[in-house]
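Each of the next two complexes has chain A plus one more chain, namely chain B in the first and chain C in the second.
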Partner chain A sequence: MNAASVIADARAFWAATRKEWRILRRYPGNLLSFIFWPIALPLAYVFQAQAFSGGRDDTMAAFMERTGTNEVAGFLFVGWATYMWLSIVLWGPGTALRTEQIRGSLEAIFLTPASRLVVLFGPAISQLVWAVWIFVVVGVALWIGFGVSIGPVEALRALTVIVVGVPALYAIGALFGAVVLRFGEVHALVQGVRGLFTAVCGMSFPIIVLPDWAQVVALSLPPTYLIADLRAVLLTGSGVGRILGDLAILAGMGAVLAVAAVVAFRRTELHARRGGRLAQY
Partner chain B sequence: MGELRQEARAAWAIARKELQVFARYRLNAVNQVIQPLYQTLIPGVLLGATFAIGGQAVGLAETAGTTDIVGYLFLGMLALNLASAGFWSVAFSIKQELDAGTLEPAWLTPTRRETFVVGMTAAGLVLAVIATVILVLIGIWLFGADLAPRLLIALPVLAISAFGVLGIGYLVGALVLRMRDANFFVDAADFIFVALSGAAFPIVVLPDLVQWVSYLLPTTHALDLMRVSALDTPPLLPLPIEWLLLVVTSAALLVVGRAAWLRTEHRLRVRGTLGQH
Partner chain C sequence: MPAIAIEAAGLTKDFEKGRRTVWQRLRRERDRRERFRAVDGVDLHVEAGEIFGILGPNGAGKTTTMRMLATLLEPTSGQATVLGHDLVTEARAIRRRLGAVLSGERSLYWKLTARENLEYFAALYHVPPAETKGRIAEILEIVHLTDRADDYVEKYSTGMRQRLVLARALLPAPSLLLLDEPTVGLDPQAARDLRERVVQLREEGRTVLLTTHYMEEADQLCDRIAIVDHGRIVALDTPAGLKRDLNATEVVRLELHGPERSDAALVARLESAGQVAQRTRENGTLHLTVHCQSARELVPLVIDAARAEDAELANIQVQPVSLEDVFISLTGRALRE
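Our next item is the complex of A and B:
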């Protein structure tokens, strides 16, 4: 790989990002969803939490003991904002491939000399803007609605957690991309994995309330660490040093998953090319 | 009378077609039933466990009058499934017909346009009932919810609510025909409707003004009547008033929805924009 091809790939990356951004802007209804959901979804859980606490001191003490914070709204908003961001990163690459498949443009894109990384992650990069947006909306909602303010130091620590978590998440995204190339329709699989994450990774609860076997499952999934660590740095004032162990596990998972994703994607693409299946869906 | 019978047959044929299409995608069908389980019920039950004292949801007893979180939330799925029947069954079906270009030919048949919505909603209601029964059985067998004996009240509640759901179907159908890509609005309205009905929490925790909106929704009263009967929770309002409000709000939703549908249909015919999508 020489400098010219790197520059060419960077330009292709930028072009793919701009294309997706343009498509997104054409449907203003979708833009509204990026304001509505980051507020509405966690807010429903905040009301549910109010119902479960019943305004009692002992129930709030139980919550504090199990979560390590008394910020119920912060706990839920951070959990669900992370979930929405995860959704974008995890399903973005596969969904983009599937969309190209249905439009009939995937084969044409694969004929270009652009790197497969561009095909997989170019569209997803544009979605990162919305991921940042989700956290901004959540931060503002927490500040205005519940008086929870997140300072620049906490935000920087959260950014560190996100950067460490990105390789693992993008690797899972690439694995989904490989599954799309192999099987086409993966809606049910996406829903299944999303369901697993929602049920065990602790978006709305601390994983300590799970049965032992489910805690083992939760601890084998990268989103569990990401959510717990983001809550730790944003809500309990933990420094990065206190979550170094978690970050090391997250980075390790990222390395293993990245290798698996590269191997899986290459093999699937080879299979699709040989079988002439790129255009099938 | 003869014409009414013909329309009823047409509505049933449309419902059967929708159910057949649904049954062709089995994984999606299974997912539709279990989705509320992992998306709403399990996170809700576990959030409840976070506040529990000695395994008891004593906080919920203060706000809803029961410590049975599982029973409370599984019954809440009735509102979720009923709303889905009104919102998504009609929205998906009309959008699919629009995209496939088959809506215009279908509307050229002698069947009344309103009958299409009736058929689509009926299919959604059948699926809602099946999904709710399966979820409640899962709640009873797997999660130990104590609901079974007095759930017969569900029959009259569902029968009355069906008219309100049809009203939602008309409103959503009109929205989809006017906006063409209304997914976000349908999704958001569905979410708000379910939340304000008290599917996941008692509406007494909502701000006062929002509670008044909740009382205008038939699903709020349908759910409350079911919970009073199955879980012995205190009713939001005296029971005769709840029944009356269930009837009145369902009828009002039907009247408003049908009027919106007829106006939209007239507008599309005048402008000739039915085939656009």
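Our next item is the complex of A and C:
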């Protein structure tokens, strides 16, 4: 592959992102759902936490001891915002392929010389816009509803964490893409993995409350680090330097998962080309 | 462009019938699925600049052959070069210079305009940005969609969508175009329009490989035709050459009412003046298709034979030989059976 080809693929990648964004824009109703859910879902957990704690000082102290912050709403809102973003990313590449398959356009794309990564990640990148939107909605809701303000420095630190976490999450998404090419359907698997992440990665609780074995599982999953580090920089005032160890692990996981995803995707594409599964859905 | 656009030898594709469950895979049970051969040792030699047709009934292996040549399917065995590149090891190089219409109107983005669809695919085909706008305008003009270029595709008719699919295939300025049943589902006017475009493409020096099960389309468009049946090429020649090989100039189709026991004798009498290519009996009527050099000589014989065998001539049609007749003589079946 020469430089010209890489540049041409980069343009194709941008075109895929822009195409998907154009289609998304033509269904404006989606925007409303992305205002409602980032507020409604964590809010329910905030009320639940208030009910369980009774608002007593000793329960708040216990929460502070375990989480490093006394911002219960902030803790839950950041956790669930990350979960929603995670869901988009996990669905992203697999769904992009599946959607192209159902639309009947996957073969038309595979007839072009563009890299397969274009179709896998181009449309998924457009969904990052929704991720940004979710975090903006959450930030505004925290500020207005709970007086938790997130300044530009904290936001920048959070962005750093997100950028480091993106390869690992998108690699997991690409593995789902490989599953789509192999089996044609990925819904059940994504639900299962999302369930696992919800159960052990600490969306609505610190993982320290988990049994030891579950903590080991949690620490082997990229979202655990992502959520913990986002909370650290947004709610406890941690600088990036204090979470460098976590970020290194996250980056390492991203590298390993990316290699696994590329190998899996190539193998399943070859399988699809042998069995004629590209057009089947 | 190489003088030979496509060279294939022994191209074969096997598929598995049925499915193997995850449970069977986990238990490492023996794969009991049956294999069937969709394409069986096809040899092709398509010259640059010709319109080459693959004619055959549904399920004959036309589309599978096309999908292999388009690099979407890997052959089970055999070898092929497309535009001088190996089909398996140089697939990406082939895709850079290949245009294909394989899956029809469903493969477009209906919530985008025609221009937006083409912009997207121009990027996927690595069309240089400086050329993209001009090339899209030129192609829209070729397919007569300029005035509707900024409408959503969902508002297009089937014929317009098919023209847009052809426009997309023209984006890489391909030296070879693969068109799989390009006129299926189109109204007669749209189909005629598309056929005219195909002829223009040849005049521009492009090679076109098309599949069809419309014999008139193949006859009208193709410089050479391969007739396929059950995954094999059963004849390959120019349309005129294929008809010439039939050793007949006219086809006489007969319907006769009479006792079934006299069918064989009737056929035997007609064989003296022609070749009975097809014989079926339905609801007491004997249907015969007879290939002959002169219907003028055959018809009196038919009347005499019917009278002699106690049959009544209910209908008679005389037509010039068509590719359908060639197919019947080669396979014993009609194209649409």
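Following the convention adopted for this analysis, the second predicted complex is superposed on the first by the 280 of 281 C-alpha atoms of A that agree within 3 Å, B and C clash if a C-alpha of one lies under 4 Å from a C-alpha of the other, contacts with A are read in each partner's own complex, and residues count from 1 in each chain.
Following the convention adopted for this analysis, a residue touches a chain if its C-beta (ideal position, glycine included) is under 8 Å from a C-beta of that chain, and two chains touch if they have at least 3 such contacts.
As the structure is a prediction and not an experimental result, all values here were calculated from the model.
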**Request:** Once the structures are superposed on A, label A:Ala62 by its partner contacts, choosing first (chain B), second (chain C), both or neither.
**Result:** first
**Request:** Mind working out whether A:Leu250 is in touch with chain B, chain C, both or neither, as first, second, both or neither?
**Result:** neither
**Asked** Between chain B (first) and chain C (second), which, if any, makes contact with A:Gln191: first, second, both or neither?
**Response** first
**Asked** Should A:Leu270 be classified as contacting the first partner (chain B), the second (chain C), both, or neither?
**Response** second
**Message:** Quick check on the superposed pair: does A:Phe110 touch chain B, chain C, both, or neither? Answer first, second, both or neither.
**Reply:** second
**Asked** Which holds for A:Ser53: it touches chain B only (first), chain C only (second), both, or neither?
**Response** first
**Message:** For A:Ala96 in the superposed arrangement: first (chain B), second (chain C), both or neither?
**Reply:** neither
**Message:** Quick check on my understanding: which residues of chain A belong to both its chain B contact set and its chain C contact set?
**Reply:** 27
**Prompt:** Which part of chain A faces chain C closely enough to touch in the complex?
**Reply:** 5, 8-9, 11-12, 14-16, 18-19, 22-23, 26-27, 103-105, 107-114, 118, 270, 273-276, 278-279
**Prompt:** For chain B, which residues are in contact with chain A within the complex?
**Reply:** 27-28, 30-31, 34-35, 37-39, 42-44, 46-53, 57-64, 69, 179, 181-185, 187-188, 191-192, 195, 200-202, 205-206
**Prompt:** Any idea which chain C residues touch chain A in the complex?
**Reply:** 15-16, 64, 67, 70-74, 92-93, 95-96, 98, 100, 102-104, 106-109, 111-112, 116, 119-126, 129, 168, 172
**Request:** Enumerate the contact residues on chain A facing chain B in the complex.
**Result:** 27, 29-30, 32-33, 36, 40-41, 44-45, 47-56, 58-60, 62-63, 66-67, 187-188, 191-192, 195-196, 198-199, 203-206, 209-210
